[in-house]
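Letters A, B, C and D mark the chains as written, and numbering starts fresh at 1 in each.
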Amino acid sequence: MRNRCLTTGNVVAAASAGLLLLATLAAAQAPAYRAPRAPDGKPNLNGIWQAMNTAHWDIEAHSSAPSPARELGAAGAVPAGLGVVEGGSIPYTPEALAKRNENRANRLKLDPEVKCYLPGVPRATYMPYPFQIIQSQKHVMMVHEYAGALRTIYMTEQTEAPADSWMGWSNGRWEGETLVVDTKGFNDLSWFDRAGNFHSDALHVVERFTARSPDTLNYEVTIEDPKVFTRPWKMSMPLYRRVEPNAQIMELRCVEFVEDLLYGHLRKQPK
Amino acid sequence: MRSTFLVGVTCACLLLVAGRVQAHHAFAAEFDVNKPLTLKGSLLKWEMVNPHSWFHVVVKEPDGKITTWLIEGGSPNQLIRMGVTKNTVPIGTELTIEGYRAKDGTMKAVGRNFVLPDGSRLFLGGSAPGGGGGDKK
Amino acid sequence: MNRRSLVSIGVVTLAVAVLVSSAAAGQAPSAAPKAASAAKAYTPPRTPDGQPDLQGFWTNSTYVPLERPKDVTKEFYTPAEAEEAIKRAAAREAEQTEPGTTADVHYDFSQFGLDRSQSTIARSLRTSLVVDPPEGRIPLVNAEGQKRAQALAAARKARGGPYDAVENMPIGSRCIIMGGSGPPLMNAGYNANYQIVQAPGYVMILTEMIHDVRIIPLDGRPQPPQNVRQWTGISRGRWEGNTLVVETTNFNGRNAFRGASENVKVTERFSRVADDMIDYKFTVEDPATWDRSWTAEAPLAKTGGPIFEFACHETNYGIANILAGARAEEKAAAEQALKKGSN
Amino acid sequence: MTRYLFGVLAFVTAASLTVTAQAPTYRAPRTPDGQPDLQGFWTNATYTPLERPQNVTKEFYTPAEAEAAIKLAIAREAAQTEPGTTADVHYDFSQFGLDRSQSKFTRSLRTSLIVDPPNGRIPPTTAEGKRRIAEREAEAKRLGGRWDSAESNQLDDRCLIMAGAGPPMMDAAYNSNYQIVQAPGYVMILTEMIHDVRVIPLDGRPQPPSTVRQWMGVSRGRWDGETLVVETTNFNGKNPFRGSTDRLRVTERFTRVADDTIRYTFTVDDEAMWTRPWTGEVPIVKTNGPIFEHACHEGNYGLYNTLVGARLEEKRAADEAAKKGSK
């Protein structure tokens, strides 16, 4: 009897815990957590952050798969992931979906990451490398370890993108606890992941960074690109602080690692 | 008004001593000094990219054939500081390009001068439409 | 036409600026003692966390050479001499090249705003950036340094011609890092711009060309072990009064500054001496190259933003063009030789 | 001798339990967080076949019949192979303690593990199922002979997964052991062979999208009174259970009915293969630990050796043919 009550209690507790979890994730707009303040009174998001998921392989839910490069064996294997796209899948137009699938089939040849190209946004945020937020009043900088990629987020003196670029042109604002970053001015060359998910130069990205505990952030992204998607869509994930005291963004200056791949065929032939 | 930096000169110390502008790479290795050319065409696309920008120019050859040439220019960053944007040079702008053709024989050239129909240079001293004529502080 | 007028406006501005900046660069007490005392009175603004505020866009674009020209013996020019030197340098930079010469195979820097006179330059009355040794020249390279330089030259030669393979080309052309990216920060020829952003515990310095960023921690953490080496080394910073002192070691030695070894230590000192001027000094210590340390001073002048993304490798079409050109020339030469042989 | 006696004792207990399973008076101990405690080392090694033998018509043997059937099976398993035959080219299972009778095995009076359909046999295959089987055979044929490449070999020989790893969990012929560990919100089940682990969440979370597929599917559990109910879908279909497809849904029910016994039933539902769902039942009995690391792929010299052997034989045959040709 007592046992049954206990079990029922557990089920109820588990269910409500589940609901609470979902609610917390969904209601990132109004988090209960209040971040410590930077000296200027804004939520303090300074720190070295990193995603811990498989979105860099594929932002949609996916099974595990062998390494795209045979020689890497299990070291290059694709781990399964439950996806970070709200609603499960990306609302591509039929033509765009065909292009995504073609990208995926030829990813070793086409993925800009393979060529050490700048990662674009939001891909930079969830690559398997850390990035540092340097939060000042006029500029919030995001400095990524991969390829030394860099974003300047203009908090004041905001203008339109003068030209298209890989990392886009970002204007930011504070909405309560949240740093909202609005980015446009992308070229059409970057991808969202290693699975060929892509966008056009009409991409418009709105990111929301909100502290959810001292060492975690909620990261929410809204993607809009009428040339590629039938409607705006969202992805979300937590970001984790690198807490080791010697954490530092190191150089991953990868250009020379890919030169033979890109230009090896133009090498002078041995006589 | 031209850069005097001698691309053939490899002494790095000279760069620092004389304070001349250093070319990002040896253009004479990319383009053939023995193949000067003048192209007349209209702008199809301006890739405002680094380390050097590239102009896609549609050219009507003397025999009536239509070809697209890729013309290498300079880094866009300083122009952007001067107020130039991707809207500054409209698609279809008529350009005369004096330059040198690529060594590999493809339809590429370095744009020694980019000349507008009225004889002025495309960007010169911030003269480009929309150009602010110097750094914004 | 409008270009010419712009240039002359530039020169006028320049003359005015010389006076202003000589005051600002007045860390050189012997040259401008009055200005120096004025500069001392300047108190830099503070960031919200209390650091002296160095933030903003800066340039070290200059016509002052690193080493004093052989025919100059004094440490400082008079303002008139300095103006003359700049005018000469600007004219040289803007000179026409001779059509049909190798030098002419280039786009025109001035048509892309890339000659120095079209943007802010950091001025000083100095005749060289090097301030110590007092003769304004880098000490002679010692025997060990010479030996290393010879070995490097021999290795370079063994790799073949400069366009035989991408690895033989200069690292700047390959978009890996610019020669003057440092530290120390050296004038890049064009786009010699920097952005400094500060946050509690950190100073970030972005070098425009090839988007090189240093994030310098101020918390006194130790340097990592010797086997961790980077192109731009690893920097640790601290505030000494109003001066940011940054020490950098752990270089990989592959972008050797003036022939320095991987064990070089660079100490930089940033002091804001006016709203629009940072006094920037650096000391280079490398017993494997020089028997004594040497110091240079190269002021950073405030300039306008923004710094547009300097993606470089992504659209570095020149590499493929150059290599393809070299292969095409080899092929043509081989065919020529064959033709000659068969005649 | 002692082993045999012990076996008979266990047999009697298990048989009575099976019969009286409708009304268990046994109450499982509880974990500190209040779950019925299933923890420990267990085995489902059994001599009972999945399907009822063709010549058997009843659901249960008498205890004497069951004992005779087991004796027969044990003798068959322990019989020496004929020297010089292909079957003899093997190490002796019994010299490595690997025949079932040398370790704990589970007994029941059932003539088959399948309890539904009542005939104790897997239901008929659907038309789609037949088509899929034909496709699989064609694919296997395309891959060539078993020793043509590593990929054309069997999954277990490749140390990928055992055929019976499931779910559902099927007797693995040897090392048919499991370890169950519970923690708040989770039940973990380790299958000894090839160290397959399922960590089953109990928090009611939904199944992932159908694009996520795994060899062992994705399992979600819940407590239904004393019974742990585990539903598994999202199989990748590459380790078919009796021909199942990627549309397989397995529902397992674990009920501890004695200190040393868990009643384990499983329902297999796969519309792409069978005309109706079917259910099996096997008591899982307590056994001894430990479970030693079953690293498999790492020391799988055999796969290499068989491939090398096959290549050598091909070469020898080719040489032979060439010699004949030149005569």
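By our rule, a contact is a pair of C-beta atoms (placed from the backbone, for glycine too) under 8 Å apart; a residue touches a chain by one contact, two chains touch by 3 or more.
Note that this is a predicted model, so its numbers are computed, not measured.
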Please list the single chain whose C-alpha centre lies closest to the global protein C-alpha centre.
A
Contact counts by the stated rule: is the higher one at A-D or A-B?
A-D
With centres defined as the mean of Cα atoms, the chain at greatest distance from chain A is chain D
Averaged-CA centre spacing for the pair chain D and chain A, given as whole angstrom:
42
In whole angstrom, how far does the Cα centroid of chain A sit from the Cα centroid of chain C?
34
Distance from chain D to chain C - Cα centre to Cα centre, in angstrom:
70
Touching two or more other chains in chain D are residues none
Junction residues of chain B - those touching two or more other chains
76, 80
Going through chain C residue by residue, note those that touch at least 2 other chains and give them in order.
163, 175, 210, 305-309, 311, 314, 319, 324, 326-327
Testing understanding: with touching defined as stated, what is the shape of the graph linking the protein chains, line, ring, star, complete or other?
other
Using the touch rule from the top of the page, what pairs of chains touch, sorted by label?
A-B, A-C, A-D, B-C
List of chain A residues in touch with chain B within their complex:
160-164
In the complex with chain D, residue positions of chain A that touch it:
3-4, 6-7, 9-11, 14-15, 17-18, 60-64, 80-83, 88-89
Residues of chain D that touch chain A when the two form their complex:
27, 30, 33-36, 185, 202-205, 208-209, 211-214, 222-223, 225, 236
Touching residues on chain B, where the partner in the complex is chain C
1-8, 12, 15-33, 36, 47, 49-54, 70, 72-82, 99-100, 102-106, 108, 110-114, 121-127, 133-137
The residues of chain C that touch chain B in their complex are 2-4, 6-7, 10, 62-67, 69, 89, 92-97, 99-116, 118-120, 162-163, 169-170, 172-173, 175, 179-180, 186-191, 208, 210, 302-312, 314-319, 321-322, 324-329
